[in-house]
Amino acid sequence: MKKEVKKVVLAYSGGLDTSIILKWLQDEYNCEVVTFTADIGQGEEVEPARKKAIALGVKPENIFIEDLREEFVKDYVFPMFRANAIYEGEYLLGTSIARPLISKRQAEIAKLTGADGVSHGATGKGNDQVRFELGYYALNPDLTIIAPWREWDLNSREKLLAYAERNGIDISKKPGKSPYSMDANLLHISYEGLVLENPANAPEKDMWRWTVDPKDAPNESEIITIGYEKGDPVSINGKKLSPAEILTELNRLGAKHGIGRLDIAENRYVGMKSRGCYETPGGTIMLKAHRAIESITLDRGAAHLKDELMPRYAELIYNGFWFSPERAMLQAAIDKSQEHVNGEVRVELYKGNVIILGRSSQNDNLFNEAYSTFEEDSVYDQKDADGFIKLNALRFIIASKNGRKF
Amino acid sequence: MKKEVKKVVLAYSGGLDTSIILKWLQDEYNCEVVTFTADIGQGEEVEPARKKAIALGVKPENIFIEDLREEFVKDYVFPMFRANAIYEGEYLLGTSIARPLISKRQAEIAKLTGADGVSHGATGKGNDQVRFELGYYALNPDLTIIAPWREWDLNSREKLLAYAERNGIDISKKPGKSPYSMDANLLHISYEGLVLENPANAPEKDMWRWTVDPKDAPNESEIITIGYEKGDPVSINGKKLSPAEILTELNRLGAKHGIGRLDIAENRYVGMKSRGCYETPGGTIMLKAHRAIESITLDRGAAHLKDELMPRYAELIYNGFWFSPERAMLQAAIDKSQEHVNGEVRVELYKGNVIILGRSSQNDNLFNEAYSTFEEDSVYDQKDADGFIKLNALRFIIASKNGRKF
Amino acid sequence: MKKEVKKVVLAYSGGLDTSIILKWLQDEYNCEVVTFTADIGQGEEVEPARKKAIALGVKPENIFIEDLREEFVKDYVFPMFRANAIYEGEYLLGTSIARPLISKRQAEIAKLTGADGVSHGATGKGNDQVRFELGYYALNPDLTIIAPWREWDLNSREKLLAYAERNGIDISKKPGKSPYSMDANLLHISYEGLVLENPANAPEKDMWRWTVDPKDAPNESEIITIGYEKGDPVSINGKKLSPAEILTELNRLGAKHGIGRLDIAENRYVGMKSRGCYETPGGTIMLKAHRAIESITLDRGAAHLKDELMPRYAELIYNGFWFSPERAMLQAAIDKSQEHVNGEVRVELYKGNVIILGRSSQNDNLFNEAYSTFEEDSVYDQKDADGFIKLNALRFIIASKNGRKF
Amino acid sequence: MKKEVKKVVLAYSGGLDTSIILKWLQDEYNCEVVTFTADIGQGEEVEPARKKAIALGVKPENIFIEDLREEFVKDYVFPMFRANAIYEGEYLLGTSIARPLISKRQAEIAKLTGADGVSHGATGKGNDQVRFELGYYALNPDLTIIAPWREWDLNSREKLLAYAERNGIDISKKPGKSPYSMDANLLHISYEGLVLENPANAPEKDMWRWTVDPKDAPNESEIITIGYEKGDPVSINGKKLSPAEILTELNRLGAKHGIGRLDIAENRYVGMKSRGCYETPGGTIMLKAHRAIESITLDRGAAHLKDELMPRYAELIYNGFWFSPERAMLQAAIDKSQEHVNGEVRVELYKGNVIILGRSSQNDNLFNEAYSTFEEDSVYDQKDADGFIKLNALRFIIASKNGRKF
């Protein structure tokens, strides 16, 4: 039994798939569609989506096209990078972190337009459906969620194209369009499908769209300085930049030097393993540089606690739980730790390598060479180590004297 | 007040510092010294230590020179790599993992020779003193521990050299000897001191002894296949090798391609930050390859639990708690997870990059392309995602309906 | 569309609800039903289930009635108590721990009888459906699972009774039968429903079936000694008993003294909060006594690691993941810790209180009064505390000297 | 070699031991002593300490006597109880939580009076020395710390008394003074020593000073209602009370009903096991009541994360790391979770038992009986459980189909 909806806010890219969904929603649900198209740095014009939406009968006042790049980086990417978040030891969560923002704006636009439904173009076997819908449910549980890929019978490429043709949707392939299933935003591009479906296969050389192959990267390395404030990058080579500007510039630099390619098999939240290739040029530099500035400004106890909390935090984001109370708790802990993460990191970029050349901090440096050398200093009395080791060992000593074997 | 000891087992490298310690022990404690020199792959001949020990008056039966490379890799390095252990997001624990084996053999040799003391050449401000001594205390708390660097007044290079000269110890510098404070074994080389003491400085180009600079690495990449059994590498390019042989060969390959350099500021267990540069060519390949074979053979729940336990496990090893009950508990959990981590990983090595080209497993592959593509399959019903997402969201739905904001 | 099954193994209690399910399966699925009735200590005769099954047309060879009490306690309850498992700080997991055993035997009986389906009587809003079905899926994913409560339209008490009457199933209420929704086994009894549905209400005094009200418990306390081997209780007052005998006797003692009542609101895995009252007389004693014997035999590092892992372990069992690789990993870690948990605990039982009077261990006592008193001893040099504290404080000292505020 | 100090702030109770320390500091260090005596609810007059200090030659302006009860409960006890903190499954951290406040005030008074040293009366084998000194080091690392018990040779009761007599310090035993080593504050009383030194012995009946024996508690139970705001108790039976008033009243009630006795062997941070008996009447009620109010107002994800973080948080407090960045991080996470922990809990007190009778919350109740009963409701569609379970099981299904055994 079909749900009843009157007005649906669709996350609309302007591409073929979401255009088909747009039409299908109008037909199947007999509802008004509000399109929401966001520029989150995917590298394609968003304005053309307006004409396409109008062509499909969407009312002008129902077309929302927004540039969310600054909000995306400032409120989603940067908080996540404060945590040094990595999923399964490898993945920088480029797709995962964009979904909450989209679902939040959809919920807001639904309120604005009096819509009673939301819809997205994520498939029924992936993580993105979960990320979108957990957001909708948390932000407005009264919205009816329509997930066309789980509902319709257009479950093959042929049926989709036929449906599009029947409905006058342009199916001509854009020249140069990738045959892979891709997702892109200011943090990354992902690739799935085709030859990647067998994890024994390497990706094709021409699959990658953003970064050059390390082998084709410049023979000359490039050195940059990234400035940090409270754990976030704020400048490059001394020039203050906005969050989106920082990431854009690091992407340009990373891409040029073949940095940030990743090829993994990962565990989806819905239960199966899948293969993904990712390009995260700027993010790869940011992760390394953030660790470097933390290495001289962050207390050990804070650093180790962050490392222990990180896998959970990354899992929450991957699984779509950005708006959960537990993510908010972890974020509060992480943000608390970043107050003194201020300073500069010098980084060399060379053929896929991100090499830290130096870290410094005007006011928050906890590194003092006098304490770490083997020479004597004013603070550390080497004899203190006797007692430190002895009392750390005491439980072993007692146990061993009681006959316990280690 | 000096402790009384009759016979002391010294971890003896044959170098200047431990030769001075040898002499100093004899003089200050008026005791017999047993020297223990192990080949753990540090890349220097160990046999010359015999002549030096004899020259310093050590009885032939008190000289122990052993090749521990296989034991080192099999019982220490490999178990640790099953955990994907990384300290503070970067360091592969090359020095840390060698210390327990040394202390264990010292305790065993003490028993064999009837010695009542043990001694080592680790300084009073570092981690190694802790690692050695926690081992001694756990394995035989009745041994008297002598840590000369914390006791004597030879607290400058000048005093040391003067003491050596007075006692006829050869102080001529070996040609080509590094001016840095180094530690080497089959897993890594570490560098400390000099220009590194300021974390704002980059290391000097000629500091590195093992790996080539990525810029000087071959322009041609090299592709190898590593075979895994129960989480441990067992073959390269189809050829079965012993643990030490595997690591030796991966080191050769990694070093050739500029792989495994690391430059960090880290938090010592004794409380201060210190700067270290590390070369871990084979280990860097192993970490990446192990994650890759796990990615298709390890269950998600096991993988995520491993990732959450890892920082604690790494911290325990870094801090010297190898012989602790909690490390044994974590190892039991980790080893339990590796039963099915069998298969092969294809890896490309190129100018500092370790690129995974493919992973496969004859019998333990959990990756099934039918399940991950967006097409229908026999196991996964896309409509199941409705309920999965809905019930995962239920707590948010209820909370939101009760007026709670996310 | 109905699934097709030929033969279904039903977890059959012999009560009204599962008798209705039995009939319904036969009618709706036109299938043969195999009944499985286990004695896991629920305190009701299981043999009468045979007659009832036969009356409903089940073939004699399709009736399985088994006494699983020893297996239940030995392989499920005891391993869980080694972990000191508590869900949400209160609940001893009495229902959760029984489900995996039932599902395992159902899967085994399906194999034995050539059945292609399994079914259970758990409702569609509870945890038990998850626990049963995760077991079925893990142990034999080819079995078709039928969950009548989620399928049929008998969604009210009236419809159920009407269906039963129509089909000649005895609906006469047993005298003394509780009006609450209950689950019982050798570890506990649970109560849900009726007045409990409002968490502001206290339970009715006559709800409890097992324990006496602490106010009605004997005025004389009772003292017992529990013997432990490798973390499991093995004797009471010096008398060796089997696992089920131990728990039976502790239940008798606890019930007599008003021990083990619990009244909580808990978070179900399917997403909502629910109210449950529980009686776990023996388990409550076991938890307290196990902690007591661990307190003198278990190393601190192991104890603290166990405490940190416990909430995850308890959550896994609560959520139904007994047969998961991550539970197996945690169990391996926990079991590793219990090798030396041997000794005796003296416990006083009095009106709801479990009071530890003493703990001792012949061979595994790590408590040595010489070390803890403020007098001097041979092992601990009080001056060692200087260095221990100083080096533990070093990071604060350095930070504070650098102007950081705590 | 003695350290040089001019003026030392001593944590001074006015009792025999700290009076001896006062004198000893004056004599040994030839320094001015500033006494700091705080009322943190230990149940003894603090004003008499003034006369004693003056008798020992302390200048009037160097005597600080302060009532810190409100600050103690508000800023230390309550934040800790938000976390449901328990050390090693049993101990409510009554001594541990008082130390940071004392050390903080000592550091502040040192600044106020220009003192360059601090001193305390904690022994050299206990935890308190660590807790005090980590505080001093963090708050002002330039203060010289004097720990007389680790320095002097007054290492027996006899020597102490002789020293006191020689110096005119009153050694007459107060009538009724306990022979046990005790610590008391508004949260608890602890007992150590004498018969307790053998963990096989039960404590003597007349050791306990605060609570009645459950056996001697009233035969009539007493029912109270505790109001909560943001996780802190704010009222009893509808009457708003200050933090210290709340705890005082709960102590009175708990003590009357025999609530909060604990007898454990615990692991000290300095390495050995020790035996402690504790009375925490009000705290025991608060822990249970806080869990109850959380049970209906706190999200599941937040609740479970809290439970996983708690053992670490408790360990930090036990070990003396209150002023550490990692405790601050955990506190930020915990406090974040408590925003909606508002409502009322009805509690029955009876002979050692704390029985929850009901919980309610005007605006923050997440419990909705419609969702938990087995009847249909508007939010939960039972068929959703199919998909929820199936996708949770998917990794097992795939693995099992691939031949993996669970």
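A, B, C and D label the chains in the order they appear, each numbered from 1.
What we mean here is this: a residue touches a chain if its C-beta (ideal position, glycine included) is under 8 Å from a C-beta of that chain, and two chains touch if they have at least 3 such contacts.
Not measured: the values here are computed from a predicted model.
**Q** After a C-alpha superposition of chain C on chain D, what does the rotation angle come to, in degrees rounded to the nearest 5?
**A** 180
**Q** Given that chain B and chain C are copies of one sequence and touch, is their interface built from the same residue numbers on both sides (over half shared) or different ones?
**A** same
**Q** Can you give the whole-Å distance between the Cα centres of chain C and chain D?
**A** Chain centres of chain C and chain D, defined by C-alpha means, are spaced 32 Å apart.
**Q** Counting only Cα atoms for the centres, state how far chain A is from chain D in Å.
**A** Taking the mean C-alpha position of each chain, the two centres sit 42 Å apart.
**Q** Hunt down the residues of chain D that sit against at least two other chains at once, touch-wise.
**A** Where chain D meets two or more other chains at a single residue, that happens at 267, 270-272, 299-301, 304, 312, 324-325, 366, 368, 371, 379-380, 383, 385-386, 388, 390-395, 397-399, 401.
**Q** Tell me, which parts of chain D touch chain A in their complex?
**A** That would be residues 267, 270-272, 299, 301-302, 304-306, 312, 321, 324-326, 328-330, 332-337, 379, 391-395, 397-398 of chain D.
**Q** Mind pulling up the chain D residues that touch chain B in the complex?
**A** Answer in residue numbers: 299-301, 340, 363-366, 368, 371, 379-381, 383-388, 390-392, 394-395, 397-399, 401-404.
**Q** State the interface residues of chain B toward chain A in the complex, per the touch definition above.
**A** Residues of chain B touching chain A: 84, 88-90, 123-126, 129-130, 133-134, 137-142, 147, 149-150, 155-156, 181, 193, 197-202, 214-215, 219, 221, 261, 263-268, 270-275, 291-292, 295-296, 300, 303-304, 307-308, 310-312, 315, 323-325, 346, 350-353, 355-360, 366-369, 371-376, 380, 382-383, 385-386, 388-390, 392-393, 396-397, 399-401, 406.
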